[in-house]
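Shared between the two complexes below is chain A, which pairs with chain B and chain C, respectively.
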Partner chain A sequence: MRAELRKLFGLPTAWVGLVLGLIAAPALVFVNAPGVRRAIESGEIADLGYENLGIGLLGALILGVVTVSSEYTSTGDDSPGAHQMTATLLAMPRRTRLLVAKGMALALVVAVQGALTASAAVLLTEVVLPEYAPPFAPDRIAAAALYWTLLALLAYAVTLIFRNGVITLTVFIVNSTVVSVSYLLTKLTPWAAYLPDIVGAHMFLRGDATGVRIAPLTAGLVMTAWVAALLAVAGYLFHRRPA
Partner chain B sequence: MTAVHAELRKLITLPSLRWTAALTWAATLVLALAVRRVAPQEDPIRAALRWTQAGFLVFGVLAATQEYEPGGQIRATLLAVPRRWTLAAAKAVALIVVALALAAPAGSPYLVGVALVGAALGSLLRSSVAGVALGLAIYLVASPAMRARLPGSGPWLPDAGLAAEVWPPGATLTAAAWPLAATLVAAVVLRRRNA
Partner chain C sequence: MISIDRVSRPGILHEVSFVARPGRVTGFLGPNGAGKTSTVRILLGLDRAAGGTALINNRAYASWPRPLTVVGALLDGSGAHRARTARAHLRWLAASNGLPRGRVGEVLDVVGLAGAGGKRAGRFSLGMSRRLGLAAALLGDPPVLVLDEPFNGLDPAGIHWMREFLRRCAGEGRTVLLSSHLLDFPVDDVVVINHGRVVARGTTAEVTGEHDSLEQAFLSLTGAGAGSW
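Up next is the complex of A and B:
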C-alpha cells in the first residue's frame, strides 16, 4: 500500500492529473461566473459551484488511468518486453492483494483531491457570487468527493481490463464533455439515467438536467455497484492473465 | 515518393490504426442513429461527429507514436530516411491521404485537420496517452469552454470547422491554420531533437 502510494506520487503524469483536477474546477468558477449570473437572472436555477466539478474529474480520470498504464509501459527502448508490472508482481505475488492496495492508494489520493477541490469550488462560488451561492453543505461535498473516487476507480478498472490507457481516456473524456453521450442516451431510454457517470452525479447535483430524479443514496449505491462489478471483472482478468 | 509509400503502408497495416478507424465509424453510426431519433432536425452524421472526431484525433496520435513504441522503430525509420524534413513531409502526406479516405463518408475535410493535429501532438509528446489526453482536452473541453465564455472567439478555435456548414473564408483559414501550425512545429522539433 505504501509502495503503491509512493509510485503514484513519483509519476510525473500523476502530478499533472492532480494539479489539473485541483485547479480546473475552481478556475471554472471564475470563468463561468458571468454566464451563470445571466442564467440565474433569466430564471434557471443551477447547482452553483457543483456543476463546475465535472471538468476537474479529468484529473481524477488521469490518475485512475496512470496507476495501471504506468505498470505496463516498457521500461526502456532496448527492452521492449520489460514492464514494471513484472517487478511489482515479484515483490507482491498475491494479485488480489496487489489490486486492492493499488485501488486503495488511488482512492485515498482522489478522495482527498476531490474533497479539497469541491470545497474550494463551493467556497469560491460564495466569494464570486455571494447572493446566489448555496449554503456550504459538508454532505454534498462528501458526495462529490465520493463521485470522484468512484469514477477514478472506474477508470482504473477499465484500464486494467483493456490494459490500454488510450481507450479509457477516449471513452471517458468524450463522455465527460459539455454534452455527454450518456446524456444523449437518456433521451432515448430512461434506463440510461442509470449509467455510472450520470447516476453518480445525482449524489451531489440537485437539478434534474436529465429529467429523471434519483435519490442521492440510490444514486450512490447504483454507482458503487457499477464500480464493484467492473472491478470484479478486472480483478478476475488480472488474476487469470499472464502479466 | 518511396518514403510516402512506406509511410502509407505503415498506416494501412497497423492493427491499432485499423481498430481505431473501425471503432470510430461504428461509434459514429450508432450515435447518428441515436441523434436521428432524439433530434431529427439535425444532420445526424455531423452531430455524431461532435463526439467521434475524437477517433480521428486518436488515429493521428497513434500514427505518430507508433514510431516511439518499445523497440524504437523511429531509429530504423531514420536510418532508412535520414533527411528529417523529407520524413516529416512524407508522414504528413501519408496521413492526409489515409485521413481523407476515412473522412470521405462524412464529407468533412475538417477531420483531416484533426488527425494532423493529433499526429503533431503525438510526435511532440512521444506518448500516446499524453497525446490523446492533451488533444481531447483541447478539442472537447477547452474549445467548448472558450466558446461558452467568449462567443466571439468561436470562429478562431481549433474545432471551428466542425460546426461550419458553409465555409466562409475566415473559417477555412482557421481550420487550415491550426493543423498547419501544429504540423510545422512538430516537423521543426523532429528536425532538432534527438530521436
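Up next is the complex of A and C:
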C-alpha cells in the first residue's frame, strides 16, 4: 500500500485531481455568492457551503480513474502494447492483494482530501455569510468525506471494468457537471434517486433537489452496496483477464 | 533455476518443457510468434497456462512474497508510466517489495542511467527505456533473470554492453533465461521453440550438432528460410 501511495503521488495527473478537488469547492464559495444570495432569499439555506462540494468531486473522480488508467496507458510509441500494469503485477503478483492495496491507498487520499475540502468550504461559508451558514457539524463533514471516498472507489471500479480512463471520466464528468443523467431519470422514476452517484449525496445534503428524501444512513448503505457490487465485478474481471 | 514442465495453452503452446540452470545463460530461441513471450508470461504469472507447471526455484512466481528479490524480468517497454520519472518509477517498485531506497541509485548506476533519474520515462529513447526496464529487474538483486528480447532497440554499443552484462550475471552464479529471435549471442544452453513446441534443447554444442553453426541448426530446426524472419 505504501508503494501504491508513492505511485499515486508520482503522477502529475493525480496532483491535478488533488489540487482541483482541494481548491475548487472553497473557491466556489466565493464565486457562487450570487446563487447563494438567491438561495438565502428563497429560504433554502440548510445546505449552504455543502452544495459547493459537488464540483470538488471531480478531483476525487480523477484520482479514482488515474489509479487504474495510468496502469493501462501505453508506456511508449515503440512498444504500444506495453503498459505499467506488467511492472505492477511483477512486483505484486497476488491480484486481490494488489487491488485491496490500491483501493486503500485511494480511499485514504480521497478521505483526507474530502475532509479538508468540506471543512474549508463550510468554514469559509461561515466567514463569508456568518449569519446564514449552517453550524459546523463534524458528522456532516465526515459524511461528505465518505461520499467522496465512495465515489472515488466507484470510479476506480468502473475504470477497472473498462480499462480505460477516458470512458469513465467522460461519463462521470458529464453526469456530475453538464447534464446529470441520473438526475433527469429521477424525473421519470423516483427510484433513480437510488443510482450510485446521487444517492450518496443524501448523506450530507439536507435539501431535496431530487424531490426524494433519503435518510443519510440509508443513502450511505445504498451507495456502499453499489460500490461493493461494482468492485466485486471489477475484481472478478481483473482475475479472469490476462494482464 | 527455472523449470518449465509440460506447459500448454490451446493453440499456442504444446507441452513445453525445459530447465534453465544457475550460472548459465540459457537461450530461448525461436522465430517470431513461436510462443516465447507466451511461455515467459506464464512463467511470470502474467498469463495462465491451461496445463503444466512453470516454477522458479521450485515455487510459482505468484507465491513468492517478495518476487523482485527472486526474479528480475525484462519485458517489452520500460514498464514505467510516461509521466513518471525514472527514479519515481524505481522507488515505488522498491517500496512494493520492501527494498531499501538506496537500491534505486545503485541500479541506475549499473545500467548507465545515473544522470537520467530525474527524466520522465516518456522522454526516454528506446535504448534508455530498455535500460530502465533492466534497472527495475535488478532492484531486488535477484538470483534469476528472465529477459524477453533484451536486444530489441539497442544500438551496437548497447548490444555489446548487454552481452557483457549477462555474461557477468551468469558468472556470478545467476540463472539467466534469454528469449530472442537473434542468434549472435554466446549462450551456454539452448532451447529452440517453433509453432509452440520445443524442437531442440541442450548445450549449445549439442544443439548445433552436425551443423556448421548454431544459426544453421536453428534454420533447419525451424524450417525457416534466411529471409522469413
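Basically, the second predicted complex is superposed on the first by the 236 of 243 C-alpha atoms of A that agree within 3 Å, B and C clash if a C-alpha of one lies under 4 Å from a C-alpha of the other, contacts with A are read in each partner's own complex, and residues count from 1 in each chain.
Operating definition for what follows: contacts are C-beta pairs under 8 Å (C-beta built on N, C-alpha and C of every residue); 3 or more make two chains touch, one makes a residue touch a chain.
Just so you know, these numbers come straight off a predicted model, no measurement behind them.
Visitor: Going by the contact rule set out at the top, does A:225 touch chain B (first), chain C (second), both, or neither?
Guide: The answer is neither, since A:225 touches no partner chain.
Visitor: Once the structures are superposed on A, label A:58 by its partner contacts, choosing first (chain B), second (chain C), both or neither.
Guide: Only chain B is touched by A:58; chain C is not.
Visitor: A:217 in the overlay: touching chain B, chain C, both, or neither? Say first, second, both or neither.
Guide: Neither partner.
Visitor: For A:169, is the partner it touches chain B (first), chain C (second), both, or none of the two (neither)?
Guide: first
Visitor: Could you list which residues of chain A make contact with chain B in one structure and with chain C in the other?
Guide: 13, 78-79, 81
Visitor: Which chain B residues qualify as touching chain A in the complex?
Guide: Touching chain A from chain B are residues 31, 34-35, 37-38, 50-52, 54-55, 58, 61-62, 69-72, 128-130, 132-133, 136-137, 140-141, 144-145, 148-149.
Visitor: Which of the residues in chain A end up touching chain B in this complex?
Guide: Chain A reaches chain B through residues 13, 28, 31-32, 35, 55, 58, 62, 65-66, 69, 74, 77-81, 165-166, 169-170, 173-174, 176-179, 181, 184-185, 187-188.
Visitor: Applying the document's contact rule, which stretches of chain C touch chain A when the two form their complex?
Guide: 41, 44-48, 61-62, 64, 67-68, 73, 75-85, 88-89, 91-93, 95-97, 121-122, 124, 126, 129, 136, 153
Visitor: What residues on chain A touch chain C, complex-wise?
Guide: Listed in rising order, the residues are 2-4, 6-7, 10-13, 70-71, 73, 75-76, 78-79, 81-84, 86-94, 242-243.
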